[in-house]
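Quick one: this structure, given as structure tokens, is what I'll be asking you about.
For reference, chains read A, B, C, D and E in written order, and residue numbers begin at 1 within each chain.
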Amino acid sequence: MSYILSLTTFLPILGVLLLFFIPKESKSVLRGFTFAVTLVTFLASLLILFGFQTNAEFQFVENVPWIAAGPFVMRYNIGVDGISLWLVILTTFIMPLSVLSTWKAVEDKVKEYMICLLILETSLIGAFISIDMFLFYIYWELMLIPMYFMIGIWGGKNRLYATMKFFIYTMVGSLLMLVAFIYLYMLGSQAGIPDFSVLHFYNLRIDPTIQVWMFMAFALAFAIKVPMFPLHTWLPDAHTEAPTAGSVILAAIMLKMGTYGYVRFAMPLFPEAAHRFAPLLATLAVIGIIYAALVAMVQEDVKKLVAYSSVAHLGFVMLGLFAFNVQGMTGSMLQMLNHGISTGALFLIVGFIYERRHTRLISDFGGLAKQMPVFATIFMIVTLSSIGVPGTNGFVGEFLILIGGYESELRWWAVVATSGVIFAAVYMLWMFQRVMFGELNNPKNQKLLDLDAREIAIMLPLVVLIFVMGVYPNPFIEKMDPAIQKLVAHIRPASMNAKILPAALQSLPVGHPAMPGHSGMEESTAPSAASGQLPAGHPGIPAEGQSSEPVVNPHESK
Amino acid sequence: MDMITIPAVNFTPILPEIFLSVLAMFLLLMNVFSPNGKKTYLSYISFIGLAAAAVLVGSGWGAHVESFNGAVVLDNFATFFKIIFLLSAGLAVLISDQYMEREGCNHGELYPIILFTVVGMMLMASGTDLMTIFLGLEVMSVALYVLSGFNRANRKSNEAGIKYFLLGSFSTGFLLYGMALIYGATGTTRIAGIAAILGQMTLPSTNIMLVAGMLLMFTGFAFKVAAAPFHMWTPDVYEGAPTPMTAFMSTGPKAAAFAASLRLFLVALPTLQVEWSQLLWVLAVLTMTVGNITALRQDNIKRMLAYSSIAHAGYCLVGFAAGNGTGTSAILFYMLSYAFMNIGAFAIIILVAKKGEPNGTVMDLAGFGFKHPVLALAMTIFMFSLAGVPPTAGFIGKFYLFSGAVQQGYIWLAILGVLNSAASVYYYLRVIVYMYMKDPTEEFEWTKLTAPVALALVLAVAGTLILGIVPSFVLQYAQLAVSML
Amino acid sequence: MENLNGYLIVSAILFSIGTIGVLTRKNAIVIFMCIELMLNAVNLTFVALSRHLGNLDGQIFVFFIMTVAAAEAAVGLALIIAFFNNKETIDVDDINLMKW
Amino acid sequence: METLFFLIITLVAIVSAILVITCKNPINSALSLIMTFFCLATYYVMLDAPFMAAVQVMVYAGAIMVLMVFTIMLLNIRVDASKKHSHKLFLGSIIGFFTFFNIAFVLFKSHVAMPTGPYSVDMIKQIGHTELIGKEIFTNFLLPFEITSILLLVAIVGAVILAKKKI
Amino acid sequence: MFDNVWLIPLLPFIGFLINGLLGKRIKNETVIGGIASAMVLGSFIVSCLTLFNLLSLPGEERQVEVKIFSWITSGVFNADVAFLIDPLSCLMIMVVSGVGFLIHLYSIGYMHGEEGYYRYFSYLNLFTFSMLLLVLGNNLLLMFVGWEGVGLCSYLLIGYYFHKKSAADAGKKAFVMNRIGDFGFLLGIFTLFWYLGSSHNVWTITFTELANNSHLLPTGGIVTVITLCFFLGATGKSAQIPLYTWLPDAMEGPTPVSALIHAATMVTAGVYMIARMNYLFIRSPETLAVIAVIGACTALFAATIGTAQNDIKRVLAYSTVSQLGYMFLAMGVGAFGAGIFHLMTHAFFKACLFLGSGAVIHSMHGALHHAHSNDDAQDMRNMGGLRSKMPLTFITFLLATIAISGIPGFSGFFSKDEILWQAFSNPHHGSLNFLLWGMGALAAGLTAFYMFRLVFMTFFGECRITPKAKDHLHESPMIIVLPLIVLAGLSVVGGFIGIPKVIGDLFGGIPNYLEHYLDPVFKHSEEYMAHHGAHTGIHNIALEWGLMGTSVLIALIGITVAYSLYVANKGIPARFVAAFPGLHRAVYNKWYIDELYDNIIVNPCKAFSQFLWKGFDVIVIDGAVNGVAKTVMACSGVFRLMQSGLISNYAWSMAFGVVVMLSYFILK
């Protein structure tokens, strides 16, 4: 049925509306109901998964006119393809687990907490499935609000600083992206593109010098979200202050928004600029890997350590993306899922021990393995997955990224990144040893209870997935392969052209808006390149060696 | 000596103004006869009157009637703005009753004055003659001087009144001198006449008298809109004036000033576009930056909202600087949505404040989030809308304003605007931080939520969200209004 | 008598004197008087221009400016008296209850 | 002869204007302001606008200044020599001079529109200035005239609200 | 015929699952131990079957690939889970499952009474599964999976007594060192895959295809880089010079673990890897030289440290490092067959030695426990004269010691001598081979010395154990001694399957079965070496006999010195120590290598990351971010003060604004 996507997106909102009728006091009913809603959403998303034919097209597309005023035409245009399919499934899969983990964690203001969680789920799913760039932007900003409240109200000690920093940091990036969006739309409307759908913009030939500026705006917004090396300082603060469920979702899904942004928007829209920036961004990614690993080694707070570890993992993902070949891309898409599962599990684990001891300092723990054997085994499995030991999911992703990176121009970057594998083992095992092994001398640790049924129920699916994806990742790779092939085919020629033919010759400088000559006041970087005007109707001359007809998804009603 | 033949006069353009003036006079009489205590029914009558006027104005959509040989016109542009004035006046009337009861000042005459202000604003919006615009401006200003100084007992209100009066008339001096110079350079006060003469003139931008006239006239409007160098009065007057009046002052008159200046600059002086868009470019940046940055450190919530209204004037100036269709229609849309969110926010402040508003700081809001969840939710929506966060009307407004600037090629202006709105997020979220994330210092005594204020809040929230999620029909109206210019 | 420029210069001078008065005087009423002076300077410009241009629009505009000045005077002085009842002084430097 | 008379009146006007802003006692400045108004009235007469002169005298000198003087007397502000009656002299005068230079510069370089209006000077003399203005107001500028009525009503109601002892 | 091959790794995996998940509930130890051992026995039987089937095939086609399922396919890269059956892998699975089974049996007895019993056996089974996977894998990626799996299990098993901080540290150190090796291994895979793919469009990582396309690789240059990377991986795993310090610390784990992992199987993975990719290594003489030199140095270096250790397991650990040095020496000189032969024989006698020492420690521990003294059960100075208390253990231990020290007739002699001969006679590295042979021979002497020193100190002389515990010393139960006996037998008999030609035809032409058996695997490198005129080296028989004689002589000298020092006149070692205190202390403290590593790598790394976090992250980046916020707040303070509340200021700013605008436009 074609409305499954909107159904999945807005089911949580339906849940929110029904939540209002449940009285504030009956906490367990609130939690149970929210869990039920997230579970139903997960089942709905499974329907999408099973209905999804493995090809490069967007499926379950819904395209309804929404705002049509002034120069802008925005349509409620959503659809899911190979790339965004698994991220949606990851979202709906992680949500029930994080709701389950708040049973004992959040005691006061439970109703508001559940509402935040559900709104967060809607905005995340919405962002992943929206084809219309304006709709994407709305969901992209909407997700900040519930996370802001979750960190702000239920957070740790200096949560206000952390949440304000998180909000404004992301906001600045995304607002610059907004200006780039508008400028892109102006270019598009001159080249005859009717609306905001990203598919039309994939074939728009933009003059490379403009591409550089636009790519920088997009790249900055997504780099903050990833987070890339210099812009990552908000993540440890946000994580240490966020409640367990909040930081699970933040780590497992929201960070993927940044990398998804690169794959869906920054790279395909501006291929030449992507190639020009590839060395810089790869360097930042590699620095991120080594730097975050080193800094993680000396952390005293477990949550900060895991936060820095996710910066390192996402450095790998970025390296894979900028390899511009199928293995690299597949590896990073897989690593996004793996990171979601392993770091989500790690935060849940930190949450369990935080609920028991209300402290996150590594020095307060020690020798828990004897006291909590089941917890020890699960913690061990998740640590191994985070290190990327073969047989677990981490290894498959990392291996593909590194071999993809090695095979592309980023050879030396891949070599340095491979050393990251060593540091990952060092800081994770050192932490694991200080927390789990050694003497059980702290009296408080001696009284700790092992995981109860609920906690095991949370961790079981994650552990199973770790092994399933480690041993048999093919079904996952199959589904996303055609979409990645198409993406690489779209981006790759851009690099050849950029190198072989001089920029001016190969891409007809189209789409530069013929603006009335304005005096120096506006030092916009609109270059003086001749603005050859393309025939209005034709959506841009496709680049050489690429399917001539721009891929307009079949059932998009004009 | 032959008799003076008074030409046939078509009253349709000023029908709403006449209706409201008659209603105001009627209310004055009603006030005399009604006993001292019961004044609330006056506010109901005035609200109904405003609603009726709105219907009257709405029916005039699409018509284009010149009358009083060019002094005033009825067109979509004027109608759209009249709707904004009536809306802001209506909401202001709704929230003023409870405030006045609490402050204990006799508010019998308040409603007629508000209606007269609306008349003044309508004249400004629909006037196509320098004289009509000037007189409309003066009716509005005089009424506003009275409104800002309304609460005689409160020293702050007096001070606000005096400050607004002195600086207002000082700016009127400059406005008049500008009009004189323009009259001198073109020979007529009719906007159509000015446009015609400028059309024939060879190089209008070299006629220094014209440019100087334009500048001086613009300072008058810049004062009313609270643009950067002329914004100094706004914080003091908004803090001093009674809160419902501040709410009214920050939305209605600002829109009226924009209406008059838009009509003047776009219809009368289009050939000087190069000059005034540069001027506006600088003013917009200055206004946004001053408004946003000063607001960061404000503790008094009314003063913070005053600086935020300066910043929002800056955003509108961005659209004005763009000067193209998108920019101007964005201003119209923004003014409408700004009316909703701003008056909504002030309504909440009224409910929270105690008698005499000892200091009305943001800290008083501590713990409000979980004490009155529904009201706090409304305030959160208003704050997010003012900050320009997506699902709300503020975002759509800013989006269109900045896209107007980008379309015109002012990318750096858009970038500065975007950075300013990012900075503004801090002080809007500070309110939310105190509401939700700080525990209450001392007990709230619950000021009962009377029916009119509740109605005002419902209207405001509905307006903010609807304009945020499904803004296309209003945007189309704004587009139509501007295209007629 | 074609010395239009003469009249315009005189009105410019009066206007500037009015501005200086507003900026320097401390007494509210005197400030208001200076504003009145500025308005009168503008009236003079209008009348001179209207006479030069030959149409009476300027003079009618002056007529309306006068009514406006009168209305402002009424409200302005009422405000000043209300302020005086409260604070016994109308010195501009004392009107600084609200700042920063 | 004509220009000589004009220069004398200008001199008187400027001196009285300066007196308005310099003398300590508000009463003196009020009186010097009245003096300026009379000079303006004579200007209007010289510009063949006798009705304007009459209105100027009646409205400004008569109504507004009387009101001013009345308020000054009502508030009987004691002028104590100690407190300075003006401040920021330097800054204020700088701005004043600059405004003057700017406007003067504008006036010199500008070229005023050609006299296209229907009413030549002698026509005014012949028909009578008041009649012409009357005809003009009640035909072309009827709406502004009506608005002034609203304006005055607002002013009266406002003044009552603000200043009445006890409502 | 080979379709049941997937059973070999699968059975231990099933054992791991049963014990891992249900182990806690099956309290009874023998059931757990039984299941684990049965699984390994099952896999041993299937490997025998496979070996038998393989032998039935004619010589050349002894190479069969069995695909199970395709694991990762993405773009040009695809890797699937498939097993390669060929003489080398058959030999290895026989060794792994055989010795593994014996050690499983042994640990049932040895681990009696430990509280994490089920956990031990599940990890041991997981180890066997990973090792079999490593050996059977038909492509580099699957080998890498086994490679890391084995590293993981060694981490788990070393850290078995996790409540002891030293055990946990040793585990972590082992894993990190292995991980550094894996870093090299990964780089090798990538470079190989990239080079073959981009220049010859051969996108593959399976061994058979690599072998067939190995002619495409140029000698030297890129191949040296690839092989050096692989060698780095091998040193990490097989504890050679730079990355060997983890092996002695790995003795923290239970003794059967040391026997299985750190003697017989895991440490030999590096050797197996080089043997498996002999066609690559042979193409870069530089790498072979490096391997040979490092092998020889490690052999000598470890042997010197072994002489001064007092802990029985430390001595055996260093002996393992030294014997591995020999294997790498063999690989370095291109004698892959000899290397594998020594690997096999070493597996037998080293396992036997470790298990023997385990038996000794087990009974010492029991005795000391009874006497409630907390002397160290592993310190040889507390032992002595145990041959009367534990005759069977003594005999098996003695046989294995004789084997290892290279006394003719025993397996050690044949394999070690073959290596020394190959080292001496190969022409690859010019004059280097004399030095190599010399170091090898000296190391052999030292080996003989410290092995017999160990035997004399533990089994001969009077019993130095605390008197009370003396009568509690008793022979270990049958389940422990039985594997000892089998292994001792193997270490004696094991040598005969690979008798060098020289001795063979002396005794009536007994052929070198092993050489013949392993030929198909190394045929590529043989052809390459023949092509490059490798074997024109010295061939006369007399020289071979001479060398053999000298090596036996050196061994005997070692034994006599040991006898004189530790049995005849006990005083000499003490005087020797007094004479050269510095040298003794250095050797005793393992030449301070561990401290060296700490000060050069570990501590500066910690300090640097501390600096990175506190200095860079907090001060620089956060400082910048908060700095922006502070500056904005500061100028907001300034703007705020401009709002002075005085009307004249406001009027002034308005007038000022007008004046500025006017003058700007006028002057423009």
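As a working rule, a contact is a pair of C-beta atoms (placed from the backbone, for glycine too) under 8 Å apart; a residue touches a chain by one contact, two chains touch by 3 or more.
This one's a predicted model, so the numbers in the text were calculated from it and none came from an experiment.
Student: Could you name all chains that are in contact with subunit A and with subunit C at the same time?
Tutor: B, E
Student: If you tally contacting C-beta pairs for every chain pair, which pair wins?
Tutor: C-D
Student: From the Cα centroids, identify the chain that ends up most central relative to all protein Cα atoms.
Tutor: A
Student: Calculate how many whole Å lie between the centre of subunit A and the centre of subunit D, each centre taken as the average of the chain's C-alpha atoms.
Tutor: Once rounded, the distance between the two centres reads 70 Å.
Student: Using the average of all C-alpha atoms in each chain as its centre, how far is it in Å between subunit B and subunit C?
Tutor: Averaging C-alpha atoms per chain gives centres 26 Å apart.
Student: Between subunit C and subunit D, what's the gap in Å when you average each chain's C-alpha atoms?
Tutor: The mean C-alpha positions of subunit C and subunit D differ by 7 Å.
Student: Hey, how far is the Cα centre of subunit B from the one of subunit D, in Å?
Tutor: Averaging C-alpha atoms per chain gives centres 31 Å apart.
Student: When you check subunit C against every other chain, which residues touch at least two of them?
Tutor: 15, 18-19, 22-24, 26, 31-32, 49, 53, 55, 57, 60, 64, 68, 71-72, 75, 79-80, 82, 93, 95, 97-99 - these are the residues of subunit C that touch more than one other chain.
Student: Touching two or more other chains, which residues of subunit B qualify?
Tutor: Residue numbers touching two or more other chains: 131, 135, 138, 142, 145-146, 149, 152, 161-163, 166, 170, 177, 181, 184, 187, 208, 212, 235-236.
Student: Which chains touch, pair by pair?
Tutor: So, checking each combination of chains, I get A-B, A-E, B-C, B-D, B-E, C-D, C-E, D-E as the touching pairs.
Student: Can you list the residues on subunit C that touch subunit B in the complex?
Tutor: Per the stated touch rule, the residues are 15, 18-19, 22, 28, 31-32, 35, 38-39, 41-42, 45-46, 49, 53, 55, 57-58, 60-61, 64-65, 68, 71-72, 75-76, 79-80, 82-83, 85-87, 95, 97-99.
Student: Mind pulling up the subunit E residues that touch subunit B in the complex?
Tutor: Subunit E residues touching subunit B: 632-633, 635-637, 639-640, 642-643, 645, 647, 649-651, 653-654, 656-658, 660-662, 665-666.
Student: Which of the residues in subunit E come into contact with subunit A in the complex?
Tutor: 24, 69-77, 141, 144-145, 148-149, 152, 155, 159, 162-163, 165, 168-169, 171-172, 175-176, 179-180, 182-183, 186-187, 189-191, 193-194, 197-198, 605-606, 608-610, 612-613, 616-617, 621-622, 625
Student: Subunit B touches which residues of subunit A in the complex?
Tutor: These residues of subunit A touch subunit B: 66-72, 109, 112, 137-139, 141-142, 144-145, 148-149, 152-153, 159-160, 163-164, 167-168, 171-172, 175-176, 178-179, 182-183, 185-186, 513, 515-516, 518-519, 521-526.
Student: If you look only at subunit B, which of its residues touch subunit C in the complex?
Tutor: Interface residues on subunit B, with respect to subunit C: 130-131, 134-135, 138, 142, 145-146, 149, 152, 155-156, 158-163, 165-166, 169-170, 172-173, 176-177, 179-181, 183-184, 187-189, 235-236, 239-240.
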